[in-house]
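This is the structure I have questions about; it appears just below.
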Amino acid sequence: MKISYNTWAYSSFYVWVPAYTLDETIKRIAGMGYDGIEIGAAAPHAYPPHLSKDRRRRVRELLDEHGISLSSMLPAPSGGPGNNPASPNIEERRATVEHYVDLAELTAEWGGKTLIYLPGWIIFGTSRRQAWKWSREVLTEVADRIAHTGVTLVIEPTSHDTNLCMHADDAIELMEDVNKPNVKLMFDTFHALYSREVMSDYVYRMGENLKHVHISDNDRLPPGSGVGDFPSLIDALIDTGFDGYLTMETGFHRRGIEPDEDARTSIEYLRPLVESKLAEHAKASKKE
Amino acid sequence: MKISYNTWAYSSFYVWVPAYTLDETIKRIAGMGYDGIEIGAAAPHAYPPHLSKDRRRRVRELLDEHGISLSSMLPAPSGGPGNNPASPNIEERRATVEHYVDLAELTAEWGGKTLIYLPGWIIFGTSRRQAWKWSREVLTEVADRIAHTGVTLVIEPTSHDTNLCMHADDAIELMEDVNKPNVKLMFDTFHALYSREVMSDYVYRMGENLKHVHISDNDRLPPGSGVGDFPSLIDALIDTGFDGYLTMETGFHRRGIEPDEDARTSIEYLRPLVESKLAEHAKASKKE
Amino acid sequence: MKISYNTWAYSSFYVWVPAYTLDETIKRIAGMGYDGIEIGAAAPHAYPPHLSKDRRRRVRELLDEHGISLSSMLPAPSGGPGNNPASPNIEERRATVEHYVDLAELTAEWGGKTLIYLPGWIIFGTSRRQAWKWSREVLTEVADRIAHTGVTLVIEPTSHDTNLCMHADDAIELMEDVNKPNVKLMFDTFHALYSREVMSDYVYRMGENLKHVHISDNDRLPPGSGVGDFPSLIDALIDTGFDGYLTMETGFHRRGIEPDEDARTSIEYLRPLVESKLAEHAKASKKE
Amino acid sequence: MKISYNTWAYSSFYVWVPAYTLDETIKRIAGMGYDGIEIGAAAPHAYPPHLSKDRRRRVRELLDEHGISLSSMLPAPSGGPGNNPASPNIEERRATVEHYVDLAELTAEWGGKTLIYLPGWIIFGTSRRQAWKWSREVLTEVADRIAHTGVTLVIEPTSHDTNLCMHADDAIELMEDVNKPNVKLMFDTFHALYSREVMSDYVYRMGENLKHVHISDNDRLPPGSGVGDFPSLIDALIDTGFDGYLTMETGFHRRGIEPDEDARTSIEYLRPLVESKLAEHAKASKKE
C-alpha cells in the first residue's frame, strides 16, 4: 500500500489561492515522504491544452528527479468547460471525451496507470436514466480509445458533489454496464462519511475491483483529524489484498488551509497506522 | 437602477448541483421580476466553445421572449483552464485573452454591454509587480480587440478569492494603468464586507467610473440576511448618480441552497429598498 | 390542497414517550383544524394484528365524529419485524407483503385512498441490484393483491434512513419498473433537504405522478422553523396542479418535543401560506 | 466479569442502516475479542417469527464456530408491535407475553441464560398504578411460563426512553412485587447518566440481584469517550462480587456511526480497565 497526495490544495482548484507551480508542488510533496503524487488537470499545473511538448517532458523529469511516482490523474469538473459526461449539452459531452483521452495519454507519458472517471451529474430536466446512458456512452468510448495507453479508468462515486453516481453500488453498476477490462473502481472516504456510510463497507463491496482510494476525513480534513474510523479501513484493505495508492484528497475546498500542513499532518498520521496494521496482520497470519 | 441576478446558483459553478439549463434559469429569474440576468460562462449555460451558432441565436430569443435583459457576463476562473491573466504560464495567459474576446462578442450578440474583468491572482514564485504587468497586458490586449463590440470591461477587486487586485484602489490603479475608454470599474459588496471595508466607501471612491455592482451580504447571503448596511449603499449609489445594474451574486458557493429562494429573497428585499430610497431622494431634491 | 398530520409524534414510534391513544390523537389533530390524519401502523394506534373488528369500526366512527379524513397510512419499518422488502431474509419479505396487504385493507376500511410504500434498504452483503429486484417483487405482488381496495401505493424515497431508494429518480425508476396503475409517487421534504436537494425539483420531476407529500423542515422541524423554502414548494405544487395532501411528518424522532406544539406550529405556518399562494396564482391566471 | 457487545448497531434498530447479517455480525464481534454477544430480537437478525428451525440451529453453530457465547437477548420495543407490557391495548399486552416466551426459548436454544425485561411505558390516559399492574401481570406470566428454560429475566430501568420503570428502585420494587426466582435485575449506565445518577449507586443498591449490566457512556458513546466514571463502576462491581456480563449497548441510535469502530473502541477501553482493576483488587486482598 503506497501513499500519495493530490495536488488540488497547491493548485487553483477549488479555491484560487494559495497556488503553487507544479515544480514547487512536486518538490514539497516528495520532500514530505510521499510515494506518489496525484496530479489534477487544473491550472496552473496540468491543463493539457496549456502544456507544450517540452513542458510535458520536463514534468516527467521532475518526478524522476524527486523520486516520486505519478499515482494517478483526474479532471477538474465544473467551472467553465464542465466536463460533465451526463450533460444534456452534446458539445460538452464530446469535449469531455476528448479531455479524458488527453488525460489518459498524459498519465501514461508521466508513468502513471490510473485515471479517475467522474460520472457526472444530472441537470434539472434530464432523467436519471438518460444521464446514466450518456455517462455510460462517454465512459465506453473513452475506455476504447485509451486501450493502447495501459491506463485504467477508476470510477469514483461522489455523494457530496453530484446526484448520479453517489454510492459504492452506483459505481459498481456503472462498471458492470460498461464491462471493459480497463474500467475499475475507486472511492473517496470523504464522500462515504458525508453520506453517513461505513468506509470499510465500500472496501468489501468493491473487493478486487477496488484499485484506488481517496483518503480524507469528514469535511475534507486530514485523516485522523475528524470522525473517520481509519483503523477499520486499513484492516479491511489489508484483508481484501488492496495494493493500490491511498491518496489524500484534502485541504483544497476553502480559504485558510495551509497546504503543507495538510499534507504533512496526513502522512504523519497515515504512515505509522498502515505500518502497524501491516505488522499486526503479518503476525496474525503467522500464528494461523 | 436596475436589478439583475447572476446565474452561478443555477449552473455548475462552484457547486455542481443543483444545476438548471439556461432556458429554465432565464424563465425563473424573469418570472421573479428581475430586470436583468448576468450570465456566467460556465457549463451547462454559456461556455463559448460549447455554443453552436443556432444555440447562440436561441438564447437571444429566450431573453427577448421573457422580457429580460443581459445585464452582464463574466468568466468562471479556476477549475481546469484557470483563466488567470496573471499566471506564469504563457499558454494560460494567451487562452485567457481569447476567452475574454469570445465573451465580449457573446455579450454583444445577446444585447449586453458589460463584461467583468477578473485581474487574476499571484502564483507562489511570481512577484506582485510581475503578476500586475501580466494582468495589465492581458487587459490592454482584450480592450483593444473588443473595441468594435461596444462592450465595456469592468474590473472587479476580489479580496476573498485572490491576492492581486483586492480592494477599490487596486482596481482603480489597474484602470488607470491600462487607460482605455472601454475599461471601467465595478465592485462586489461581499468582497468589501469580507475585508471589513465599508461598502459605500467603494461607491464614492470609484465615482463615475463605477459601472456595475455585485450585491451580496456577508458569506454570499442574500442582501438583508447578514450584516451589510444596504440602505447606506443605496444612498451612496443614488448620491453619485449610479445607473447600472445591481446584480446579486449569491447562493452558489455551497450545497444546500435553493436557488429560487435565494433569488426571490434577494429581490423581495432589494426592490422595495431601492424604490423607497429613490422616492426619499426625489422628495429631498424637491424640497431643496 | 388539503393539510394532514402524521401520528408518529403521538405514538411510540420512534421515541416511546410521550404516547397517546389513537382516540386522543384524532381528537387533538382534528381540533387544530387539520383536514386529514395520516395514521402510522404502530403501537398503540394501529398495528393490524392488535385491532379487533370492533376496534376497526370504532376508529372509523371516531374519524367521522371528528370530521377528519384519513389522508393516508404507512408502516413502521425497522424495530422487530423490520418490514424491509429488500431484506435478504425471505421470511421478512413475505411478512412485509402481508403487512402491506393488511394496511391497504385497513386504509380502505377507514375511508383512505393512499398507502405509502417504503422500498427498504440494503443489508451488507446484498448488491443494490438484488435489493432492488426484491423490493420490486414485493411491490408488484402487493399492487396486484390490493387492486380491489382502490388504494394507491405511493413510493417514498428516503435518503436519511435508507440506501436503496433515496432520491426522486430512484422512486420514479421503481414506479416505471413495476408499471402498475395503482403505484404512484410521493416525497418527503425532510429527505430532500437532508440530501441538500431542492424541494421544488422533486415536484417538477415527479409531475402528475406525485400523489402525496410529506412536509417537514430540516431536522424534522415544523415547516417554517428551519431552512426549507416552502413558498417555492407551494408555487411548484400549484404550478403542476397537485391536489393531494400535504402531510406533516414531524416531531417524532427525539425526546423533548411536545406533539401538540409541533402540530399547531405546523398548521399555523402552512395554512396561511397555501391560501395566500393560491390567491396569488388565481390573480395571476385572471390577468393572463 | 465477561465482556459482550449488543447487536443493535449492526441491525436495523433504531437506525435502519448500516445493517449487517447476523453471520457477519457474529464474525466481527468475535474477531474483536468479545467473550459474548447480546442479540436483539430485531430484523434482520433474530425476530422469532422470521426464524426457521434450520436457521435457529445454524445460528447456534455460528456462535460455537466463532467461540463466542450468547450473553443475553432482548426485545425491540416501539415500532409496529410495540411490545409494551403496560399498554392499555390488551392485544398488545398478550402479544408481548408471547414474544417474551419466544425469546426465552430462543435464548435457551442458543445457550444463553439471560433475557432482558423492559417494563414498558405509560400511554397518556393510563395511571402509573394501572400501568404498573399490567406490567407486573405480564412479567409474572412470562416468569412462570419460561421457568422450564432456565433463563433469568432481568428488569431494566430506562429513564431515557420511558416513564414507568426509570430508576434502580423502580426495578427493585417490580422484582419484589413479582417475587419469582427467575426475575432479577440489571441496569444500563447510559440511563443512569441520563438521569444524572451515580452508576456505582446502582451496583450497591441492586447488590446480589444485579445479574447483567449495559455499558455505555453518556449519549450512548463508547465507554471512556464521555463523562462516565467507569473506574468507580468497575470497583463497585468487583466489590459486590458481580460475575455477569458487561455488555456494550452503544452506537445504534443515529446515522454516522461506524459499528466496528464503536465495538473496537469500547473493548479497547474496557478490557484493560477491568483487568487492571481485578489485579489491583487481587493485590489488595492479598495484603489484607
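Order of writing sets the chain letters: A, B, C and D. Residues in each chain are counted from 1.
What we mean here is this: contacts are C-beta pairs under 8 Å (C-beta built on N, C-alpha and C of every residue); 3 or more make two chains touch, one makes a residue touch a chain.
Just so it is clear, the structure is predicted and the values come from calculations on it, not from any experiment.
Looking at chain C and chain D, the chains that touch each of them are A.
Using the contact threshold fixed earlier, the set of chains in contact with both chain B and chain C is A. When each chain is reduced to the average of its Cα atoms, B sits farthest from chain C. Averaging C-alpha coordinates per chain places the centre of chain A 44 Å away from that of chain D. Centre to centre, using the average C-alpha position, chain B and chain D are separated by 62 Å. Note on chain placement: the centre of chain A and the centre of chain C lie 39 Å apart, centres being C-alpha means. In whole angstrom, the spacing between the mean C-alpha positions of chain A and chain B is 33.
Shown for chain C are the residues in touch with two or more other chains, namely 122, 124, 163, 197, 201.
The touch graph of the protein chains shown belongs to none of the named shapes. Interchain contacts (touch definition given at top) occur between A-B, A-C, A-D, B-C, C-D. Partner chain A is touched in their complex by these residues of chain C: 122, 124, 127-129, 163, 167, 169-170, 172-173, 197, 201, 204-205.
Touching chain C in their complex are the following residues of chain D: 12-21, 24, 41-44, 47, 49-52, 75-84, 87-89, 91-92, 95, 99, 121-125, 160-163, 255. Taken together, the chain B residues at the contact with chain C in this complex read 18, 255-256, 258-261, 264.
Interface of chain A with chain D (complex): residues 193, 196-201, 227, 229, 231-232.
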